[in-house]
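Two complexes follow with chain A in common, the first pairing it with chain B and the second with chain C.
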Partner chain A sequence: MHEVYTHPNSQAQFRRAAKVIPSGVYGHLGPAEGCFIPVEAFPLFSDHAKGSYFWDVDGHRYIDYMCAFGPNILGYNDPDVDEAARKQREKGDCTTSPSTVMIDFAELLVDTVKSADWAFFAKNGNDVTTLAIMASRAYTHRKKIVFFKGYYHGVAPWTQKIDYAGVIEEDVANNIYIPWNDAAALERVFAEHKDEIAAVIAQPYMHGNFMDNELPAKGFWQKVRKLCTENDTVLVVDDVRAGFRLDMAGSDHYFGFEADLICFCKAIANGYNVSALCGKEFMKNTISSMSYTGSYWMSAVPFAAGIACIEKMKKLNCPQILIDKGGQLKRGLVKAAADYGYDLRVTGVPSLFYMRLADDPTLMLHQAWIAECVKRGVFFTNHHNHFINAALTDADIAETVEIAREAFEAIQKK
Partner chain B sequence: MHEVYTHPNSQAQFRRAAKVIPSGVYGHLGPAEGCFIPVEAFPLFSDHAKGSYFWDVDGHRYIDYMCAFGPNILGYNDPDVDEAARKQREKGDCTTSPSTVMIDFAELLVDTVKSADWAFFAKNGNDVTTLAIMASRAYTHRKKIVFFKGYYHGVAPWTQKIDYAGVIEEDVANNIYIPWNDAAALERVFAEHKDEIAAVIAQPYMHGNFMDNELPAKGFWQKVRKLCTENDTVLVVDDVRAGFRLDMAGSDHYFGFEADLICFCKAIANGYNVSALCGKEFMKNTISSMSYTGSYWMSAVPFAAGIACIEKMKKLNCPQILIDKGGQLKRGLVKAAADYGYDLRVTGVPSLFYMRLADDPTLMLHQAWIAECVKRGVFFTNHHNHFINAALTDADIAETVEIAREAFEAIQKK
Partner chain C sequence: MRDAKTLAYINMFAVLGAIPTLMEIVPEAKTILGKSACSVGIAVKGGPSATLTFASGHCVMKEGCEDCAIKLPLGSPEKFNGMIDGTVTPIPSRGFTHLPFLLKKFMKITDLLSQYLRPSEEDLADAEFKKRSTTLMFGVIARAIVQIGNHDKVGMASASYITDGAVKMAIENGPSAAILCKNHHLGYSKKVPEKFTSYMTFADMETARDLFDGKINSVATVGLGGVRIGGMVSQVDNVNRILDRVALYLA
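Coming up: the complex of A and B.
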């Protein structure tokens, strides 16, 4: 049986944080987002990290299935990536003229990603989804954007909902929302808004929060691609979350189509801070015509890290490894659940699997089980997809399944 | 006499870049922005950097007065900042639970910046100016924003102009533009838009491009502060460019007033990638209520670098050093110009001085002089303020003035 963790230091640090930081820890790493329920089960601060583990400020180790919500793909502090970054840092990072390592990185992305004829670098996923939308509007001289319900494309005002704090009607006035996998709905909005739709933006499959993740229906993407082409609308794939966990050539390639613009962040450099918009040749001049930059966007260290990360991922065939490891974990967890009489639904591509216990309308059972896992050193979270990294071992997976069993036993006793 | 540089490798690398990156090098580090005229005078790629210098890919050294457009404040590869960053990297950077170094950094900013009761971290200046505007709208339940003409607040759609590529009317429908230093105009717009103005956003003084930089008129900021308070409007100071080059306590403090929200980036961590929004207690709950985050926003390495940078800047009294060095350079350059019969106008605070040759309506004379400086190893740029860093020596300044003289001589001969 595994030790059951408590988090007195995490809690104390959180009280300290809340005095000087709004929400204490904000966004998806904090308790306010609704993934860390009950919050006392979760460590809120890490002390150090290595490979597939992090250690919290109370000295506990976790097998980490959130991977910093995506960036950790090769394992924390991957020696090859860190060494490439260290070498570049000695030469220079954020300088008045950029390093040619930026060109090397762009060339590597163009070689790797099927729909990439060029690359434009920034810092956040949000920077590149926003650039994609602005570029689509500039290219088409149209305003409207089609979204699939359940989407997440960052935090810029145009991505948010009208009832979110700080959002005004003008921010979302040109947004059209349709259901995922509903090609007829897309056909309808194209007919209703003839020559008005600048872009369709979508994640490669529906991996939204608080919902079973849903793969594209057969022929769905091909139909979307066809409709966009027929209507001179730019097809934007937001591969920030799934990128390099499905296919090194892009998640559009995995599903058998080609995006016009594709957004990367998270796993592109194993946690070093860089994002990229890639796209087709016909969009390149439009991007060149735009006023779009940031203070750190050409920092050389993240480029060097990104090159090392992508080269290593290609060498390993990383997406397949992650899908295989995720599949192995999924089978173990589903069987563990069944052995205790629970029906665990695991959806999405296994490298970024989503979990839900069936027959649990209040979600309390699921949250209780996740909490018991976390308290024993398996970092899962509620109502959000998980992430697999390449440093995860068979022993880690076996231990995870063992802890999942202890957690099912614990909730059965309650 | 100094060697006159040429840039065959820079030019070759740029041709390589242009194939795979829109514009080749975009934004303020690239030739497309209009600061690098004539472009052949400028190195477009750096090989390495140290202290106040960078070396280009043709092997030339430059005394660098752009400082990566701001981030380099202590000197490139400052040993204290780099060592703090290295130590943190060994522990962890971008992890599932953040490091407590985030709290340390927030506490340090609250101790350092007069108008900071809290800090919220992101990656770009643009992230925090956008958060400031959204928070102002959320807090006031109003839409309109007042800008001062000549402003720069990032690249989000709301900051751009209607004639810029990708911008639609809705993005800027609530923007009101008034002249800098015109308190009467501000009073007028408050009267005309009673209870409609969410925020006034401004840089601490007018350091726009293509214009002599202009300090606040006596009593201007106090009047702006008073009008904002009377109208329940949030006063946002964008200290991204000037931050820590005027006053460690914030540029609002330097000019004798207090902002409600203040935005930092660039010099906050000597080039490590982090930005911060700081603000008054009354805005904290509003920030907490917002949906605003990003993949890398809690990376620990930039926080550790930021702490080391701010502690060292405080110890050195960095802003005063930079103002003194800038003043020394300014006197040398103005005298050099006068000795050759030119009237060099140097405006703004000397730590981020702006230069213009008078009696030069086509700007050609100024551009020719800047080009001759750059070709001899002094990296100035056209029509944009410059930046001083603490590693700049008296010998560097003396050499700069000497090169400026050679450059005046060169343009006189033409």
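Coming up: the complex of A and C.
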């Protein structure tokens, strides 16, 4: 039986944080948006990390299935990536003229990502999804953008909804929302808004929060591609979350089509801060004409880390490893649930699986089980997809399943 | 931006809708009413209509005003909102013989309600007053959420994302209520259904009061354990977005 953790130092640190930082820990890493239910079950601050683990400020170790919400793909502090970063740091990072390592990184992405003829670098996923939308509007001279319901493309006003704090009606006035996997709906909006739609933006499959993840229906992407081409609309794939966990050549390649623009971040440099927009040749001049930059966007250390990360991922055939490990974990968890009489649904591609205990539609049972797992050293989250990293071992997976069983036993007793 | 019609629905069903609770928990309200019995109907053209029926020290509110003793017709939501602000004086179209009730009882009861909903710092220094005031505010806010979700353009957008079910709202050792959602239309229930689908619980009256007064932030308070959320969190998330708009209408 595993120790049941408590988090007094995490809570003390959070009280300290709340005094000087809005909401203590804001965004998806925080307890509110992160759905830490109950908050006492979860660590709130990390002390250090290595491989597939992180340790919290109370000294507890966690097998981490959130991987910093995606960036950790090879394992925390991967020696090859860190060494490449260290060497570049000695040479220079944020300098007046950019390092040629930026060109090396762009060349590597063009050689790796099937739909990439060029690469533009920034810092976060939001930077490049926003650039993709601005570029689509600049190229087409149109305003409207089509989204699939359940999407997440960042936090810029255009990505949010009319009822979000700080968003005004005009920010989202040109957004059109249609259901995922509904090619007929897309065909309809193209007919209703002829010559008005600048871009269709989508994640490679529906990995929205609070819902079972849904893969594209057969022929869906090919139909979307065809409609975009016929209507001179830019097809943008937001591969920020799934990128390099499905296919090194891009998730569009995995599903058998080609995007016009494709956005990467998270796993691109194993935690070093860089994002990239890649795209087809015909969009390159439009991007060149845009005023879009940032203070740290050409820092060399993340480029060096990104090169080492991508080369290592290619050498390992990382996406397949992650899909296999995720599949192994999925089978173990589903069986453990069934042994205790529960119906655990695991959806999405196994390298970024989503979980839901289907026995209770209110999800309270699911939340209770997740809390018991976290309290025993497996960091799952309630309503977001999870992430597998390459450092995860068979022993880690076995221990995870063992803890999942203990957690099922705990909720059964309650 | 505030919408006059939405505000009229809030004023009717959230603000005046708090009178039945006021009668229950504030002894002074019962004293004002005494043994009187009467009903006051308010009909707003292009807006809400409801009747407050007073009897035996209690009050109930019902939609519509077909059977009221006193009827106050208002020509528009703006005029009704003016009546609540005290800038418009309504003229009864029915029940002239009951005018003393309107002027001596009903007006005093609504003045008392205002005192509890817009309390002074001095009033709040009294622990019992503060508890009653917070209980009343809780009810007003819960009912206002329903009206905003059903009438305000942005609130309706939030409601469009709320799945069917009941969101329990509660203050530990205090009042509770439920926001009911069916086909993205919201309803209010003073009684929380046994099978609610999500919950938002405030740790105590003090925390609830500070949140209502905008002194603390709900997101940070979740992290501190002062607000508990669970179940279908997407319901709570969207109710919270509507809750954010309550201050726009009631501040």
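Note that the second predicted complex is superposed on the first by the 413 of 414 C-alpha atoms of A that agree within 3 Å, B and C clash if a C-alpha of one lies under 4 Å from a C-alpha of the other, contacts with A are read in each partner's own complex, and residues count from 1 in each chain.
Following the convention adopted for this analysis, a residue touches a chain if its C-beta (ideal position, glycine included) is under 8 Å from a C-beta of that chain, and two chains touch if they have at least 3 such contacts.
Quick caveat: nothing in here was measured; it's all calculated off a predicted structure.
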Chain B versus chain C as contact partner of A:32, first or second or both or neither: both
Partner chain in contact with A:393 - chain B first, chain C second, else both or neither: neither
First, second, both or neither for A:229, with chain B first and chain C second: neither
More chain A residues in contact - chain B or chain C: B
Which superposed partner A:320 touches (first chain B, second chain C, both, neither): neither
Contacts of A:44 with chain B and chain C, given as first, second, both or neither: both
First, second, both or neither for A:210, with chain B first and chain C second: second
Touched partner set for A:364, first chain B, second chain C, both or neither: second
Which of chain B and chain C A:6 touches, first, second, both or neither: neither
Partner chain in contact with A:15 - chain B first, chain C second, else both or neither: second
Shared chain A contacts, counted only where both chain B and chain C touch the same residue: 22-23, 25-26, 32, 44, 164-165
Chain A contact footprint on chain C (complex, rising order): 153-155, 157-158, 165, 195-198, 217-220, 222-225, 228-234, 238, 241-242, 244-245
Chain B residues within the chain A interface of the complex: 10, 13, 16-17, 19-23, 25-29, 32, 42-50, 54, 56-57, 62, 64, 66-72, 76-77, 82, 89-100, 102-103, 106-107, 109-110, 117-120, 122-127, 130, 133-135, 137-138, 143, 154-158, 160, 164-168, 170-171, 173-174, 240, 265-266, 271-273, 275, 284-299, 302, 379
Chain C-touching residues of chain A, taken from the complex the two chains share: 11, 14-15, 18, 22-26, 30-33, 35-40, 44, 161-165, 209-210, 361-364, 367, 382-383
